[in-house]
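Reviewing the structure listed below.
By written order: A, B, C and D. Residues from 1 in each chain.
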Amino acid sequence: MMMELMPVWLQAGAGNPLREFLLENILTGLSEAWRPLVADLLTWSLTCALIMGIVQVTMLYCTLLERKFVGRIQDRIGPNRVGYWGLLQPFADMVKMLTKEDITPAVAHRSVYNLGAILVVPPAIMVFAILPLSLGLVASDLSVGFLYFISVASVVIVPIFMAGWGSRNKFALIGAMRAVAQTVSYEIPQVLSVVGVLLLAGSLSTGDIILAQGTVGSGAQASQGFPGGWFILTQPIAFVIYLMATTAEVERTPFDIPEAESEIIAGYHTEYAGIKFGLFQLSQYFMTIASAALGSVLFLGGWMSPFPGGLLQTLGPLNLGFFWMGAKTLLLILGFMWLRGTWPRLRSDQLMGFAWKVLVPLSLANLLITALLGWLLHGWWNASGAQGLGRSAVVVVAFLAANGLLLFGAMLGFGRLRAKGGRPDIRFEATGVGSSVEGAA
Amino acid sequence: MVDNWGFIAVLTLVAFTVPLIGLALSWLLRPHRPGPIKQTTYECGLETIGDSWVQFKVQYYLYALIFVLFDVETVFLYPWAVAFLGLPLFALVEMVIFLGILAIGLIYAWRKGALEWV
Amino acid sequence: MAMIPLWWYLMVAAGLFTIGLYGALVRKNAVSVLMGIELMLNAVNVNAVAFWRYVSPTAKAAAGADRPVGDFVVGMDGQVFAVVVIALAAAEAAVGLAMVIALYRSRRSFNLPQMDQLQG
Amino acid sequence: MSQQTVVQLVFGVMAALSLGGAMGVVMARTVFVSALWLILSFVGVAGLYITLGAGFLAVIQVLVYVGAISVLILFAIMLTEDVMGDEHPNNGQVGLAIILLTPLIFLLGKWGFTANWPVKAAAILPRSGLSVDAATAAALPGALKTGDAFLVPDSVAYLGRVLMTEHFLAFEVVSVVLLVALVGAIVIARD
């Protein structure tokens, strides 16, 4: 029903009004064989331009926001000289990066060194293809959407490795090794934590995942999603694991060991200056934004309004989906910045141990519980014919209780493990990360 | 389906032009005065000792190893998860066995100290 | 009438396989030999998926709750085959590279011609 | 017509990537650069999967080969000191290999090109959910009638169901293989 309100402007192929308009009014002179194709290509190019515009502007102002926000946390003002409230600061930074001299170390493997800087950006842009801006405003609603995101994002480690190796600098290579080891370690909890969500949504497509979160109180069948509302309600532990793993994936503080400036200068981009250094920053910010957007799609209902009954979902003829999507994404980005402003960096061994010994077992257990509970609840409402709000309430309460039990068991288990003293170098309490798991309850 | 991937093909091309535009702009604007001191390897002002392509310890490989096997596991996990709610309980049992076998691997790696960062 | 004839894929797969085999045969370096084997596995997969798409799918009556009787779906055998091959390639790479590392540790060399302990 | 040209162009690019990458693997002097070419080849093969309508496999190809196996290879290279390789990366078998492989590529090419593969009409359908037209119905053996919905499932859920029912043995065997590989590789790599 809402689909009719919002034409599929970004959707590729037939049905896109922009494409229809081009076909009927602009491309009339072309031969029949080429007309649809040219219309497609034009629509896609315009869509790309739109996405790039939105992402670039968001990225530029994220840098400013981050400096302001972290500044406030640390009792500073942050940039305030260039433009009112520092609003032109990002552009000043950009000009500085562009005009700085580019220095290539004499011993570097030139082609690998340069290609590393170039190739680090495209994957960070390509992941935006599957992120919806609003209802019907998703450029490419792939049936393998989430997996596409994860796999394209995982490609970034290759240019990082190229940068580290091509620089022929010890610190750069150590940074690259650390970056890759950390990224791959945290990729596993990241993908495992989301499996529960996908199981409940019954699809990998981002559009379907969001729609599956809008079935609170409805009589929707399981094939259209699990009637538990936003997945943060049914999968709170998975949400926290996802956030932590994502922070590590994009190598932000407290997981920024790959570029720990007090230990290894700047990690894999030590030798890069000027615009090439800027490209690494660009890629990192893009990935941060994309991961936050994906988090809001997976757990926070994407473009859905947070109010019951779809209140404020539309304002007159306007669908406010893009506003809610943006707000939720911004919320998660602010969360990342908050982490950066307040947490100390972890140690390498703590970092790796935390991924493999805490997050992976926890997400595996969460997955099993989700599958079992999902199957039981599914059978229950099929048998009893339960519907509506009552069913949603039962689902949410059951999942919250299961998550609470899981958390309790996990704390007990990890506590006992530590008490046995078998592994003296894992001190969860020293990292403070254990307490954030606790905070998820 | 075809349309969706078509868009991604276009986006890929656009994504590759972005860094190239940046590099081209910078190439037009920036100064270029290389010197032997400037082009030395950055090491906090010290001379680099030995080759920079150093040998790493096996720990890195062990992490990558466990990662690869769990990555492959997720390949099988995703189709299962998506199909799960339409399947009989047998599917859950199968997956529990699958995960159980891999969990044995994780426990083994843990016990053998392959997860320790030394 | 298909957009791309089947034999195009077969040619690419044949090329990949041959290049991979060449790499596996002529390289001194053990890691390079493994890379050649990975290329060959990729060639096999390309073939499997191409045949899945063009030849193997005897349409069979759809089974399962969400498909009405009378619809036909293409079997997924080729895709399952490819997924399993990918899994095996990962296992092969893991063990193979572990052996390379172990050999390197004992012989301080990467090169296969020097791995001649078994020669009498 | 025009769409066919573009699809064929995309195929050409992907084939060039995979074959060119493969050539790079066997030609590069440095092992590290060789591995980078290998990654390019993997990406090309993923593109070929997309042109074949196997989106899931394409994504998996990138995830496992580019994101995981290549990391394994790069780490293995980093664990050994002579990352620069040496001046003569090939052994003495180049001539022999070429003599052996020339007939192989010739035969593979001949079989691929001339064999009368029973190509099914399903291959013609560009996307899922299309109705069967008269020509397709005539081309397909079996009980397909004009107008039947014919699905080339791109759906991951369908693959999941097949894995859990028809192919569950392969599914479980894979887990055992992965376990054995994990244990074996740990034992071998750590002395």
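The rule is simple: a contact is a pair of C-beta atoms (placed from the backbone, for glycine too) under 8 Å apart; a residue touches a chain by one contact, two chains touch by 3 or more.
From a predicted model like this one, the values you see are computed outputs, not experimental measurements.
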Both-way neighbours, i.e. chains that touch subunit D and touch subunit C: B
Of B-C and A-B, pair with higher C-beta contact tally: A-B
Relative to subunit D, chain with the most remote C-alpha centre: A
Geometric centre: closest chain by C-alpha means: B
Distance between the centres, which are taken as Cα means, of subunit B and subunit A, whole angstrom: 15
Subunit A-subunit C separation of Cα centroids, rounded to whole Å: 32
Distance from the mean Cα position of subunit D to that of subunit B, given in whole angstrom: 20
Multi-chain contact sites of subunit C, meaning residues that touch two or more partners: 64, 66, 83, 86-87, 90-91, 93-94, 97-98, 101
Set of subunit A residues in contact with two or more other chains: 142-143, 147, 165, 173, 177, 180, 184, 187, 202-204, 223
Subunit D: positions in contact with at least two other chains: 3, 53, 55-56, 60, 63-64, 67-69, 71-72, 75-76, 78-80, 83, 126, 154, 156-159, 161, 163, 174, 178, 181-182, 185-186, 189
Touching chain combinations (by label order): A-B, A-D, B-C, B-D, C-D
Touching residues (chain side subunit C, partner subunit B) in the complex: 64-66, 83, 86-87, 90-91, 93-94, 97-98, 101
Contacting residues of subunit B [partner subunit C, same complex]: 58, 61, 65, 68-69, 71-72, 75-76, 86
Residues of subunit D defined as touching subunit A within the complex: 1-3, 6, 32-33, 36, 39, 55-56, 59-60, 62-63, 66-68, 70-71, 74-75, 78, 83, 154-157
Subunit D-facing residues of subunit C, complex: 1-4, 6-23, 25-29, 31-32, 34-36, 38-39, 42, 45-46, 49-55, 57-59, 62, 64, 67, 70-77, 79-80, 82-84, 86-95, 97-102, 104-105, 109-110, 112-113
Sites on subunit B touched by subunit D in the complex: 1-2, 5, 9, 53-58, 60-62, 64-69, 71-76, 78-84, 86-87, 90-91, 94, 97-98, 101-102, 104-105, 108-109, 112, 114
